[in-house]
Amino acid sequence: MAPRFIVRRRHKVGLPPGSLVPVEVQTLDRVSLTVMDYDAERLEEREVSTVAECLPFRDSPTVTWLDVVGLQDMELVGELGSQFGLHPLVLEDLVNTQQRPKLEDFQEYLFVVIKMLTFDEESRRVDDEQLSLILGPRFVISFQERPGDTFGAVRERIRTGKGRIRTMGVDYLAYALIDAVVDHYFVVLEGLGDWIEELEEEVVTEPVASTMQHIHRVKREMLLLRKATWPLREVVSGLGREGTSLITTPVRIYVRDVYDHTIQVLDTAETLRDIVSGLLDTYLSSVSNRMNEIMKVLTIMASIFIPLTFIAGVYGMNFQHMPELSTTWGYPAVLALMGVIAAGLLVYFKRKGWM
Amino acid sequence: MAPRFIVRRRHKVGLPPGSLVPVEVQTLDRVSLTVMDYDAERLEEREVSTVAECLPFRDSPTVTWLDVVGLQDMELVGELGSQFGLHPLVLEDLVNTQQRPKLEDFQEYLFVVIKMLTFDEESRRVDDEQLSLILGPRFVISFQERPGDTFGAVRERIRTGKGRIRTMGVDYLAYALIDAVVDHYFVVLEGLGDWIEELEEEVVTEPVASTMQHIHRVKREMLLLRKATWPLREVVSGLGREGTSLITTPVRIYVRDVYDHTIQVLDTAETLRDIVSGLLDTYLSSVSNRMNEIMKVLTIMASIFIPLTFIAGVYGMNFQHMPELSTTWGYPAVLALMGVIAAGLLVYFKRKGWM
Amino acid sequence: MAPRFIVRRRHKVGLPPGSLVPVEVQTLDRVSLTVMDYDAERLEEREVSTVAECLPFRDSPTVTWLDVVGLQDMELVGELGSQFGLHPLVLEDLVNTQQRPKLEDFQEYLFVVIKMLTFDEESRRVDDEQLSLILGPRFVISFQERPGDTFGAVRERIRTGKGRIRTMGVDYLAYALIDAVVDHYFVVLEGLGDWIEELEEEVVTEPVASTMQHIHRVKREMLLLRKATWPLREVVSGLGREGTSLITTPVRIYVRDVYDHTIQVLDTAETLRDIVSGLLDTYLSSVSNRMNEIMKVLTIMASIFIPLTFIAGVYGMNFQHMPELSTTWGYPAVLALMGVIAAGLLVYFKRKGWM
Amino acid sequence: MAPRFIVRRRHKVGLPPGSLVPVEVQTLDRVSLTVMDYDAERLEEREVSTVAECLPFRDSPTVTWLDVVGLQDMELVGELGSQFGLHPLVLEDLVNTQQRPKLEDFQEYLFVVIKMLTFDEESRRVDDEQLSLILGPRFVISFQERPGDTFGAVRERIRTGKGRIRTMGVDYLAYALIDAVVDHYFVVLEGLGDWIEELEEEVVTEPVASTMQHIHRVKREMLLLRKATWPLREVVSGLGREGTSLITTPVRIYVRDVYDHTIQVLDTAETLRDIVSGLLDTYLSSVSNRMNEIMKVLTIMASIFIPLTFIAGVYGMNFQHMPELSTTWGYPAVLALMGVIAAGLLVYFKRKGWM
Amino acid sequence: MAPRFIVRRRHKVGLPPGSLVPVEVQTLDRVSLTVMDYDAERLEEREVSTVAECLPFRDSPTVTWLDVVGLQDMELVGELGSQFGLHPLVLEDLVNTQQRPKLEDFQEYLFVVIKMLTFDEESRRVDDEQLSLILGPRFVISFQERPGDTFGAVRERIRTGKGRIRTMGVDYLAYALIDAVVDHYFVVLEGLGDWIEELEEEVVTEPVASTMQHIHRVKREMLLLRKATWPLREVVSGLGREGTSLITTPVRIYVRDVYDHTIQVLDTAETLRDIVSGLLDTYLSSVSNRMNEIMKVLTIMASIFIPLTFIAGVYGMNFQHMPELSTTWGYPAVLALMGVIAAGLLVYFKRKGWM
C-alpha cells in the first residue's frame, strides 16, 4: 500500500500547535517565488528571492499573485505569514501537505486547500499534490509542493490579456487557478477511463490472474480521486455561497461553473466505480466459467471411460471358468458392448445439454 | 466502454472560460433555425438562416420559439448570445454537450439543460442528446444536437391550436418541451423492460455464457438512464419552486405533473435495477446448479465403478496361488458380489437424496 | 416479468396534457356510481347513472360520498370534472391508473392517489389497484378500477351508525377509506409472511432447485409492496400536517394513527426483506453443503481405492520374473497390505474430521 | 419464522377505529392493578380491583402510579380511559400490543409506547412485551402484558426512599420506568454478545453445518432488538425536547442520560452486526477451506497414481511379443520407474506449494 | 470476541441513577491526583492526596488543571463532585468508563467524554481508555483510567512555557488535551496501516489460511477506531459551535483545527476499510485461483490417462481369440496409438488455453 493512503501525523506528537515542521521528503533544492502584478493596463512579472521584495506588490492597488513552489524553507514561510498576517495554524496547514481539502474564512482572507491530481500513464498511478491558496483583498498567494505546468495557461492568459482575467479582480484569479486544477481532474478521469476500457476488453477476451490485480489497482487509484473530490465539492460550494465579501457577485457565476464541473467529476467517478464493480463480477464469473468448462471435459471423459475400463477389468480376471473367454465372438462382442455404452452416454450427455 | 460514460474535458485545458470550442463530432452539415411565433390568434412559422431575421420576433409581444438544431456554428451561437443577452458561460455550456442536467436562474432568463434519451431497439443502446433551453420573458430558445422528431407533436399542437398551448405563455411552451422529453424516457424504460423480460426468460430456461454479458450490458445501459434522471429531478423540482417570476402559478401545476413523471421514471428504474440484480443472482445460481448436476453424475458413476474396478483388478492379479480362481463358482460369485455392491451404493445414494 | 413492474406511457406521446385516453384493459362493462349522503340523523343511499343525478347531493350541507367504480367512460369522468371543478390534470391522473401515490392540494379540494393491494393466495401474487380520492368541502369522490369489497365495512358502519362516522365530517370519511386500504396491507403482509415461513421450512429441510425461484419470486412480490408503501407514507404524513383546512384537527389524530400503521407496514416489510435475504444465504450455503457432502464421498472413495487398484495393477503385470507371484503367501499378503492401506487411510480421514 | 416478526392486523378489518378487540393469546387470568401514591413524606401502596378505587388517588396532589398488568379486560381498560380522559385511539393502541414504539403528546397527557425486551438464555430467544405509559399531570399509568420484575427495583426505591425518586414529580417516575426498561436492553445485548462469542469460537475451531444456522438465528434475534431500539431513540429524544410542560427541566437531564444509553445500545447492536457478518464470511471461507483441503488430497493422490496405474496396465497387456516381459530386470526396472515418477510428481507439487 | 465490543450494564439494574458503582477491573492501587496551576508568570505543580488540598487552586484566578488518574475511589469522586458542583449523572458517567464520546453543556461547566486509543504493536490490538474532562470557568479536571504518557508533552509545554499555552485560558488547555488525544489516533492509524500493508504483501505473494483470520482481525480492530471517532466528531464540532461562553473565540479556531484532524482520521479510516475489503476479495479470489490451478492439473492428467488406461485394459483381457495379441507389431502399434492420443489431447488442451 502506497503511503499515499495513510495520513501521517501532523507534527511530532506533543509539539505545540503551530510549530512548523518541514515535510520530510523534498523534491526541490530551493523554494521558488514568482510575483505577477497586474491590472487591465500594466503587468509586472518577477522572480523574487526574499519576502521583502514582495511587499511593495502587496501594498499596490493592483492584483498581486505570489506563487510559492516548494515548502521546505520554514523561515520563509514564517516570514510570509507574519508579513501577510496569516494565522499560525494556516502556516502549519500549508507546510503539512496531507490536509483534507478545506475552505476557511478568516475575515481578512480566505484559506483554501485543494488537491492537484496527476495521472501517470506509465505507472498508472494517481498522484496528488497539495495546493494552498490565500485569497486576500488585493493578493493571491499560491503554495505548491513541486514545480509543474498546471498554471502555465493561466499565466499565459495574464500575459496576453486573453479573456477577462486582466480586467477582473483577485477573486477571478483565484477562480482561474482552482478552475485549472479541476480541469486536470478530467485528464485523470480520462486516464482511468482508458485503463478501465482496456481492462474491460481483457476481461471479455482473455481473463488472466493478473486481471484481478489490475481491477483492484484501478479501484485503489480511484479511491484517491474520490478522497480529493468529495471535500472539494464542499470547498467550491462554500466559495459560491454568499457570506464572504472577498468573492464578488460576478465571480460567483464562475465559481458555480467550477462547482458544476466538480459534480461532473464526482458523477463520472461514481459511474466508473459502478463499471469497475461490474467488471469484477464479470471477471469472476468468466474465470468460473472457464473452470467449469474444464471440469466438464473431465467429467464427461471420466464418465464415459469408467464403465468401459471396468468391463475390460472384468475380462482381465484370471478365473479358469469364464466361458465367454473361449468363444470366438467374445472379444468383438465386448468391444461392441463398449461402443454401445459409450455412444449411449454421449447421447445422454448431449440430450442433457452438457456438451 | 463506450465514450458515453466518460466526460471529456470541457475545453482545451488552459483556454479562458467562455471560449467557444466546437464539439468534435458533428452530425449535421448546417445549423437549422426554425422560428414559431404565435398567440391565441396568429401563428407564424419560418425557417431562418441568420440571427438577424429572428430579432423582430424577439421584440414582438407574442410567444416566440426559436429552435436551433446543430451546434457546430460557433459564430452563430456567439451572435445569438449577444443578441439575446446570454452569459458567456451559458454559451460555453450550450456547445459543450456533456453537461449534467441543471437549472440556472439568470434573473432575466432561465437556463435549463436536460438530456433527451433514445433507446435503439436494434443495438439495444441508450443514447443521449443534450437539450438546452433558454426561457426568456417572451421567448424560448431550444438547442438540440441532432435533428429528430421529439418536438414534432408539440409543433403540431401549436399549429392546430389543440389543447391550451396557444392561449398560454412561454412558460407553458417550455413545460411542453420538457414534458415531451420526459415522455420519451418511458419509451426507453419500456425498451429496457422488454429486454430484461427476455433475459429473465433466458435465465430460467436456457442460461448460456452470453447471458451474463447481456445482464451486464443492460445494467450499463441503465447507468445512463439514472445519470440523466437523477439531476433531472432537481431541475424540474427547481422549476416548480416559487422564486422565479418566469414561471407563472398556473403553469406550476403542470411542472408538478412533470415532476411526478420524473419520480415515476426514477422509481421504475430502481425497480428494474432490483430485478436485474436478482437476475444476476438467479443466473449464477442456475449456472452453478447445472454444474453441480454434472458433477453429481460423475461422482455417482465414479463412486460405483471404483470399487468394482478394484475387485476386477484383484482377480486380474497373476499370483499362482489364488484358490478362488480355479473354482467353478468363482466368476459368477464375483459378478454377483459386484452387482450387490453396485446395488447397495445405488440404494445408499437414493436414500441420501443424491439421485 | 409481469407488466406490473413497468410503468407504461401516460398518454400517447405528443397528445396535449389533460387528454383523456381510456386505460386499455377494462374489467367492467359499465361504470358504477353510488351515492351515500348522510349526517347524524339521515342517510340516503342510491345507485345513480348520470352525473346530473349527483348534483343535488353535492349542494346539500350533508356529507356526500360518491363512489365511482370503473374508469372507462371518459365522458362521464369529464362531466364529473367540470361539475365538481376538477383540474384537467387531475382527470388525466384519475384515468391513468399507473400513478405513484401522491397528495395534491388544490385549495378547494385535496386529490389523493393511493394503491389498494391484494394478495392472491392461489397464485401468490400481489396485485395493485389505484384508488383516487377527491376530498372537497362537503363531498368525497372515490375512484376505483374494479369492483371489490374493500369499502364494504365502511359502508356498513355508515348504514348502522356504528362508531363516530355519522357524526363527523367528510374528512373523517376520507380517513376511514384510507384506513380501510392500509388495513388491507396487513393482509398482504400476512400472506407474504406465511409464504416466507413456508420457504424457510423448505430451505432447512429439503432445498430444491425451485426453492431459489420461489425466494426470488417472493422478493419480487415484495418490491410491489414497497413501491406502494413508501410514497404512501408521504401522502399520509402530508394529510396529517397542518396547512390545509380540509382536514380538521380532531381528524388529524386519526390520520396520525394511519400514519403509524403505514410505518408499521414499512417496518415489517423491511424485516421480511432481511429475513428473505438471510434465506437466500441459507439456501445457497445449504445447496453448497449438500454438494460438498457428495464430493466428499467421492473423494474418500477414490482416495482409498486408487492406491489399492494400483497395487492390483502391479500384480496383474505379465513379467516373467516376478518372484512374489509364485510364493504361496503372495496373494494373502497383498490382500492384507491392501487392507492395511485402506484402514490407514480411513483412520487418517477420520482424524482429519473428514468423515 | 416466529410470529414475532409479523405484525398482525390491528383489528378485524372493517371495525370502526377505537373498537377494543382483546389480544388473542392471554397469559394472565386476571388483570392486576397496583397503585403507589407518594410524596416525600407519605407512601401508600395498594392492590385495587376496580377503577373506582383509583379515583381518589388520581385527584390527590401526590404522585400516583397505577400499574396495570394484563390487557384482556376490555371493560376495565374502557373505564380507565373514560375516567382518565384518554382518547379512544390510545385505548386501542394499549390493548393492541404490536405497536411500534412511539410518543404522542395529547396536551393533557403524554402517551408513550416502548418495548420491554428479554433474552431467554435457554432458548436463546429475544422476546418483547409492550409497555405503554400515560404520563398525566399528577399520575403515571403503566400497562404491561405479562407480570415480570422489571419494575421491582423502582418500586423498591420508592418504598425505601433511596435516591431522588420520592422528592421528584411524576415525570421523574416516568423516566425511572423507561430507564429500567432500557437498562434491560443491555442484558439482552450481553446475552447476544455471549452467544456471538461462542459462535466465534466455534467458527474458528470446529465449524459444522449447524453453525450457519446459528449465525442466521443470532442475526434474526438481533433484528428484533433493532426493531425495538430505532424507534425508541426517537421516543426518548422526543421526551427530551422542550415543548411539553409535562417534563420539567431538571428531569430533562435524566432523559438525556437515557437517550445516551439508547444510542449506546444502537451502537453496540451495530457493532455486533458487523461482527456477525464478519463471522458469516469467516464461516463460509473456513468451510470452503476445509473442502479445498479434502479436494487437494484427492487431487494429489489421483495425480500420482493415475500414471502409475497406467504403466501397470501397459504391462498387464497380453501381447505375445512384449520383449520387456521376458527380461529379468523388467519388473524391478518398472517398479523403479514408477518410484521415480511418483517422487518427481511429489517434488513438483511441493515446489508448487500444493502440499 | 473481546469484551471491548460489548457495553456492559451501566449500573446494577435497579439502582437509582447517580449511584456510584466502581468499575470492576482496576489497574491502579491508588488514585493519583496532580494539580497544575499557572498563568503567564507563575506555575505551581503538585501531587495532592485529598480533594481539600485542591480547593485553594479552584478559587484562584489562575488556570487550574486537576488530573485524576484511576477511578476506583468512589468517595474521592463523590467529594470532587460536591466541591466542584458536578451533577450526579456526570459522576456516574465518569466512573462508568463505557460511555460513548459526548459533550454536555451544564451552563457552569462543560462535560466532555472522549476515548484515548492506543495500538499495541506486539499484540496488534487497539485499546481504548475513557478520558473525561470537566471544563469550568477557571479549571479543567481530567479523569483517566490508567496512568500513561499521553499528556506528558502538554505538561512539558506548560512547564517550559513553549507555545501559547501559558498565556491562554482554560479553554485552550482543554483544547490542548483533546488535541493530544486526537494526535494519538494517527499513531493508531499508522499501526493499522502498516499491518494492512503487510497483509497486502502476504495476500499477493503467499496467501495462507491464517491470512483470512488476520484480515478479519484488522477489520475488527478498525471497528473500535470507528466507534471512537464518529461520535468524537460530533463532540469536537459541538465545542466549535458558538453557544457556550466557556470556549472563547480565539480558541474556536484551534478547535476547528482539531475538527479537521478528526475528519482526517475518519477519512483515512474509511479508506483503510475500502482497502481491507478489497484485500478480502483479493484473498478469496487468490485462494480460489490456486485451487483452480490444482484442479486443472488433475483434470488434465486424468483426462489424458483415462483413455490410455482403458486401452491397456482392453489388451489385458483374457479372450482366447484376440488376433492383435499374436501379431508382432501389436504391442508397438498400441504404444504408438497411446502416444498419438496423448499428444492429441495435449494439443487440444493447449489450443483451448487450459495449459
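The letters A, B, C, D and E name the chains in turn, as written, and every chain counts its residues from 1.
To be clear about the criterion, a residue touches a chain if its C-beta (ideal position, glycine included) is under 8 Å from a C-beta of that chain, and two chains touch if they have at least 3 such contacts.
Here the structure is a predicted model, which means the values were calculated and not measured.
K.L.:
Chains touching chain A and chain C alike, please list them.
P.N.:
Expected: B.
K.L.:
Which rotation angle, from 0 to 180°, best lines up the CA atoms of chain A with chain D, given as a multiple of 5?
P.N.:
145
K.L.:
Between chain B and chain D, tell me the centre distance in angstrom, where each centre is the average of that chain's C-alpha atoms.
P.N.:
42
K.L.:
List the centre-to-centre spacing of chain D and chain E in whole Å, with centres computed as mean CA coordinates.
P.N.:
Spacing between the chain centres: roughly 26 Å.
K.L.:
Quick check on chain E: which residues sit in contact with 2+ other chains?
P.N.:
295, 298, 302, 306, 309, 313, 316-318, 322
K.L.:
Taking the contact definition as given, in what order do you meet the chains if you travel the ring from chain A through chain E?
P.N.:
In ring order from chain A, with chain E immediately after, the list is A, E, D, C, B.
K.L.:
Can you tell me which positions in chain B touch chain C when the two form their complex?
P.N.:
It is residues 152-154, 156-157, 162-165, 176, 179-180, 183-184, 186-187, 189-190, 193, 196-197, 200, 204, 253-254, 256-257, 260-261, 263-265, 267-268, 271-272, 274-275, 278, 281-282, 285-286, 288-289, 292, 295-296, 298-299, 302-303, 306-307, 309-310, 313-314, 316-322, 352, 354 of chain B that touch chain C.
K.L.:
Which residues, counting only chain A, touch chain E once they are in their complex?
P.N.:
That would be residues 1, 5-11, 13-19, 87, 89, 98-100, 102, 104, 209, 212-213, 216, 219-220, 223, 227, 280, 284, 287, 291, 293-295, 297-298, 301-302, 305-306, 308-309, 312-313, 315-318, 322, 324-328, 330-331, 334-335 of chain A.
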